[in-house]
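What follows is chain A paired twice: with chain B in the first complex and chain C in the second.
The block that comes next holds the complex of A and B.
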């Protein structure tokens, strides 16, 4: 499950910000490690909402520093839904 | 006490136009008298009264990721700026002495329209977070400023079809005033879309020669019936002469002066007496410390509208006097269509090349000069010229008049 989410995020990050899928590992931070700026991060979130059929409120996005944070958030949100 | 203003030279040129993907191919197209106008076959244009435009000859060569957060006008400006910067020798410049003046007449209008569709069809959550930086009229200036690290100021004068020339005039002022040593200056426009075309058509400003696109843009011709909307970008690297000399830069020409005025006549119609335009021409000559008799070539604004071309001819005679009979006038838009906010920048490039190569490209489609237009418009064959000054005019809806003066 979390591997599927990780792979799905890698596809989104490649599409939105040109990130090499091989670089997308749980400990990486979006902004400093993957060079995803705050505007592109919004695109990542909206694409992830659609791909994984979850809601990620803007207030929660700030807590998603690393890829791992996003994977767990999406996993929890998916279970809750 | 007066001091001689700093001389400003042009050390780099870049262009992405309906005639080619760079300056060399565009200039070759102008000399060959090629038309960049074609029939647009996409579905969205079918309901409009105008089916012709002058799109880019070559799509902006940018990577997918680089392009997706830039409006088309920004993409074009970036590509032209990279060419100009490389042409200038990719100089090492103190970033705090580097400015960018890149104008657009309309800004990111295709982004605005397509994102409005997204908003209506898919809702606010799906609107791109890049939409504001993509549609803002200063977006292209910022894109170029970021790409080259310009820290002395990023500017985007907005004056409709005079914007590109006004950006270059501003660059001149900035260097003369000592606020920067190098300015990346020019214009860009990407407005070939249903709403702008419908709007210009409603103003009766566009040619309706849908069946013969390549003859539609015919400045100064008796049978002209409006302009053809084009798209593209052109960028100049302006540099303080001493800065260029210190690094041994190759110099294309001198931006000797610029004149700016405004009509205060009508929001869109030209003043038939051409008073504002004539004031801009006189101001450019004063700024360049040139006499009317120094002028050997004029790249006219000449969009191919019945009233605009006529008013410009009146203005030129008023400002230059009888010497206008000895000036080789040309209308680049006969081949490129009207690039709106990029037009003045493209025509600045053409003016500099005409002086440097000592040849004026002929105006296309000038089958019969309008009887009321008393200008020596170069047509049929390109014309060799000597050395002297060239002027490039740009006028815009809103009553903007800008004239640039170049020497070699």
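The block that comes next holds the complex of A and C.
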């Protein structure tokens, strides 16, 4: 499950911000390691909501620093839904 | 007999003064590289004292009339579309009508924020189709610089001035598709001029960005209502808020054969005026031609949105 989410995020990050999927690993930070700026992060979140059928409110986006944070958030939100 | 409606001509006015990103960086902590990467904006036009909303609107309206091959006495109605009139009262419509010599015309304003032009075209088209009027001038004119906080680096880099107008008139075959519109009036605070002594524009940029890029399904619906597949579009003219939003919407709907208006690069965000300014630019450069299907989509303060597919005048 978490591997599917990770792979899905890698596809989104490549489409939205041109990130090499090989670089998308759980410990990477969006802003510093993957060079995803704040607006791209919003695009990633909107695409992830659609892809994984979850809701990620603005207030929660700020807490998603690393790829791993996002994977576990989506996993929890998916289970809750 | 009820007929169709179409755009008969388009005209724009761009203020003379060009303000660069470097010029803004002298006042607020920002840079050309930062502004271009986040917004796509390289320059914007800022009006001088003579370039009022009415003066700019009238100049655009005269060009739209000339493009339509009409004299001012052919105009039945002038609709001013603005959210930056110099004062609440009076509206710009009657003053623009007077300036262009549309002496027979009725006149009023609408405030649809950045969607004002699309709302105006929709209203005008329905009036023409109903047969009550023949020629309606829709004039979007904005002086956002009057409401700009030049010390707020998150908004002063975006806002700009300008005007664009079109004449909507009768046609045997309808060339203005059904409007798709809606609102999220639960969020009046994300784009606002507070009033009560605070007359400066405020915006929660990321919230607006998120809302705007989530409108892709709405934009697809505009195509569906018009019976035009996204890949059949020759052009897309979203409100020129920010190049990132423009490109996200264009890519999101899969308009693979359309040229995309990127006038925001040179002109900044001119609210309701941005759609006619962007549309006119594509016509001026010859990237779209008479009869081509073009999608217009306005979205912004309210929050409110409106769009339609039209054929090029």
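By definition in this document, the second predicted complex is superposed on the first by the 81 of 81 C-alpha atoms of A that agree within 3 Å, B and C clash if a C-alpha of one lies under 4 Å from a C-alpha of the other, contacts with A are read in each partner's own complex, and residues count from 1 in each chain.
Please note the rule applied: contacts are C-beta pairs under 8 Å (C-beta built on N, C-alpha and C of every residue); 3 or more make two chains touch, one makes a residue touch a chain.
Treat the numbers as computed from the prediction; the structure is a model and nothing was measured.
When the shared chain is aligned, chain B comes close enough to touch A:18, but chain C does not.
With both structures placed on the common chain, the touch criterion links A:46 to chain B and to chain C. In the overlay built on the shared chain, the residue A:33 is in contact with neither chain B nor chain C. After overlaying the two complexes on the shared chain, residue contacts for A:69 are found with neither chain B nor chain C.
On chain A, the surface touched by chain B in one complex and the surface touched by chain C in the other have residues 39, 42-43, 46 in common.
Partner chain A is touched in their complex by these residues of chain B: 63-66, 68-69, 125-126, 128-130, 133.
The part of chain A that touches chain C in the complex is made up of residues 37-39, 42-43, 45-46, 58.
Taken together, the chain A residues at the contact with chain B in this complex read 16-18, 39-40, 42-43, 46, 49. Those residues of chain C that touch chain A in the shared complex are 37-38, 206-207, 209-210, 213-214, 244, 248.
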